[in-house]
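Scroll down for the structure; my scribbles are underneath it.
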Amino acid sequence: MPVRYREIAGGSLERLAALSDGIFAVAMTLLVLGLSVKTASELHLPSTLSSRKLWDHVLWPLWPHLVTYLMSFLTLGVFWAGQQTQLHHMRGTNRDLSWIHLVFLLCVSLMPFSTMLVADYITSPLAIVVYWLNIALLGAVLFASQRYAGRAGLFKDEVTAEVRMAMRRRIVTYQALYAVGALLSVVSTYASIGFIVAVQLNAAITPRIWPLDRF
Amino acid sequence: MPVRYREIAGGSLERLAALSDGIFAVAMTLLVLGLSVKTASELHLPSTLSSRKLWDHVLWPLWPHLVTYLMSFLTLGVFWAGQQTQLHHMRGTNRDLSWIHLVFLLCVSLMPFSTMLVADYITSPLAIVVYWLNIALLGAVLFASQRYAGRAGLFKDEVTAEVRMAMRRRIVTYQALYAVGALLSVVSTYASIGFIVAVQLNAAITPRIWPLDRF
Amino acid sequence: MPVRYREIAGGSLERLAALSDGIFAVAMTLLVLGLSVKTASELHLPSTLSSRKLWDHVLWPLWPHLVTYLMSFLTLGVFWAGQQTQLHHMRGTNRDLSWIHLVFLLCVSLMPFSTMLVADYITSPLAIVVYWLNIALLGAVLFASQRYAGRAGLFKDEVTAEVRMAMRRRIVTYQALYAVGALLSVVSTYASIGFIVAVQLNAAITPRIWPLDRF
Amino acid sequence: MPVRYREIAGGSLERLAALSDGIFAVAMTLLVLGLSVKTASELHLPSTLSSRKLWDHVLWPLWPHLVTYLMSFLTLGVFWAGQQTQLHHMRGTNRDLSWIHLVFLLCVSLMPFSTMLVADYITSPLAIVVYWLNIALLGAVLFASQRYAGRAGLFKDEVTAEVRMAMRRRIVTYQALYAVGALLSVVSTYASIGFIVAVQLNAAITPRIWPLDRF
């Protein structure tokens, strides 16, 4: 009886982690390409600018790109930490879980695109919705990975049902907050961006005096 | 008697895997550069666009790039999983096998080029043929690696002839399907792309109710 | 009683190091995009240029980009070595330390931007100040990481107070020197760049006949 | 007595290898940016091209970029294998050796620039000379690393003087051949490129019927 490819394909958690770190690293660094410096000749200005003019014509116009850059670096940081936490609790992978994470990495690699869209059209609610869809997909795939790993018995033995519940609660809570952020774009896209950045700072810092600390 | 360089050159399977993960990660993320956002000034439009105009002028025209982006991410995912499976069964490498995999990585790094070609000339059968050549080369080199590793005794002891046969059968089956996809470009390039994406989704998901499941 | 996400989030020093190496690698290599070769058609010149003309029109005008390229590669090398030394002395990480290092990596990924700014506006003191702010942030975050790791007990047992003091003294000394370099831009931006490169060469080579050797 | 920073700085061979793999991976993949696909609108052609026109206007004009792409991928492959072989024989690193390899990686990251220069000015001997300087620097730094590691006792105990001699002979032989390749640019730059590619293919394949096999 022939061996099925499915049974041998596989399964190196180390290589999945290495590919993930590589894709996160490239995506995080490609964001900087949005911060492109306009040269003096592109701006039809003399090549020796006063500091005042450099600020007015080159640096200041970059603020939408800088704000979205920070927002997306935080987004990727949040999801990198989330994926790392999940994989850290697993004892191995299989080909199905690897493919779930390849879809996750596809969404990671789309982030520079969504970021550029918001930066170039910062007053457009549609750009915010595209950005939010990207975040929502990241969350959904990470949630699916958690469910699948649970059912397939890929978590380490010491990972209790409470720990797994805490991971899922984390994803659901933050996704609810991101959805609120996206809805705020009806009022103002700046309100959306401010809210999303605040949520991410909360995820990064988790102040201990906070009701959200439980999540 | 002097030592020959060939005898000492070598041979770290970990570094070969790390270089591979790096090149796959960069190639997968560079694909996103095809999804470049046209700015309002490039489009001779006011910087504050309605959602309707943003969709019509910026997002909708990107669909050939989005489709080819997804196709190529899947292609690279399939070959990453294939290479990982193969290396996972080896107990070491030597300089010849390392060079075979460097040629494999050369083909990986060409993928953003082939993708851009199909996206920019999505109705051209020649673009599909170039894309298919890229996939065919990836398959041929992976097949050569499998044969070489077998002859050079680089597989782990527990890797039976059946397992090795399953790996080879996998490559041959899928390459036959990709060739069918390329041939479909005579009818329509959209048929080609649809077929190739379907083959790759099958490789990723492998539904269990399927005759192809055996491969 | 439910498990708090904070208690399980975490904590893989290997993945933090892998992400760091990836981001440093991409940032160091993206610097080369500043050295873009102008094509003959962009320069309105015949495609077959004499060596003299190639030098005058293509290579020589790149010198501000080459100088800043070398400076930034050294900067990133200095901070890569500094971060590596610090992590090498730790026995693990936690989510707070991981976030401190994500902020550090954010500053790393900004370096190609700061470099391009100095290269395009090499006579502007404001460009030097932005560059210096980038370096100052890298130093401040690395210092914060050192303090936090000390307080949180993340250093290995064999890391004495003297060793930790040596790490902090190193950061403070070099940051003082970088500040001097930034101040020199009042006199001349070339003096700034020369001084910063000299400081970095000193960090790389540390000649043993030097009073600074103690730091 | 205070601890000197030099004594604690350091020394992780794993992280040096990881940074190297990252920089090689990015540099090898960035080469593909030279193969940029001209869009139909850039070429002032209708968006639906015949295969004939696609070949004439888009694919065929890329041949200088394709040839130099292959040459540089081989160059980077040769030096990746060379560095890997060297590090594979070491039992550790220190800060001086790390800095030697950072200079080596600086030369690696310059390779996309040198490649673009040759591709854009393929008939220019000066472009070939710049390319050769890049290769010569790579060889010189790798040689220096070998000498330094020998003097500093960083090689593993089982690495005999003959093995180390074989490594050095390898570098010197190939550098002599590359110099011949550069000199051929006086006759024809195509002869240079053909010769360098032949040398690299020899390094990759090392046919056993060959006098060079001893090196």
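Going in written order, the chains are labelled A, B, C and D, and every chain counts its residues from 1.
In this text, a residue touches a chain if its C-beta (ideal position, glycine included) is under 8 Å from a C-beta of that chain, and two chains touch if they have at least 3 such contacts.
Predicted model only: the values in this text are computed from it and were never measured.
Of all residue numbers used at the contact between chain C and chain D, under half are used by both chains, marking a mostly different-residue interface. To overlay chain A on chain C by their CA atoms, one rotates by 90 degrees, a value rounded to a multiple of 5. Taking the CA centroid of chain B as reference, the farthest chain centroid is that of C. The geometric centre of chain B is 24 Å away from that of chain D, both derived from CA atoms. With each centre defined as the average position of its C-alpha atoms, the distance from chain A to chain D rounds to 34 Å. Shared interface positions of chain D, defined as residues touching 2 or more other chains, are 18, 21-22, 25-26, 30.
Those residues of chain B that touch chain A in the shared complex are 17-18, 21-22, 24-26, 28-33, 35-37, 39-40, 47-49, 51, 54-55, 58-59, 70, 73, 77, 80-81, 84-85, 88-89, 160, 162-163, 165-167, 169-170, 204-206, 213-215. Looking at the complex, you find that chain D touches chain C at residues 2-6, 8-12, 15, 18-19, 21-23, 25-27, 30, 95, 98-99, 102, 105-106, 109-110, 112-113, 116-117, 120-121, 123-127, 130.
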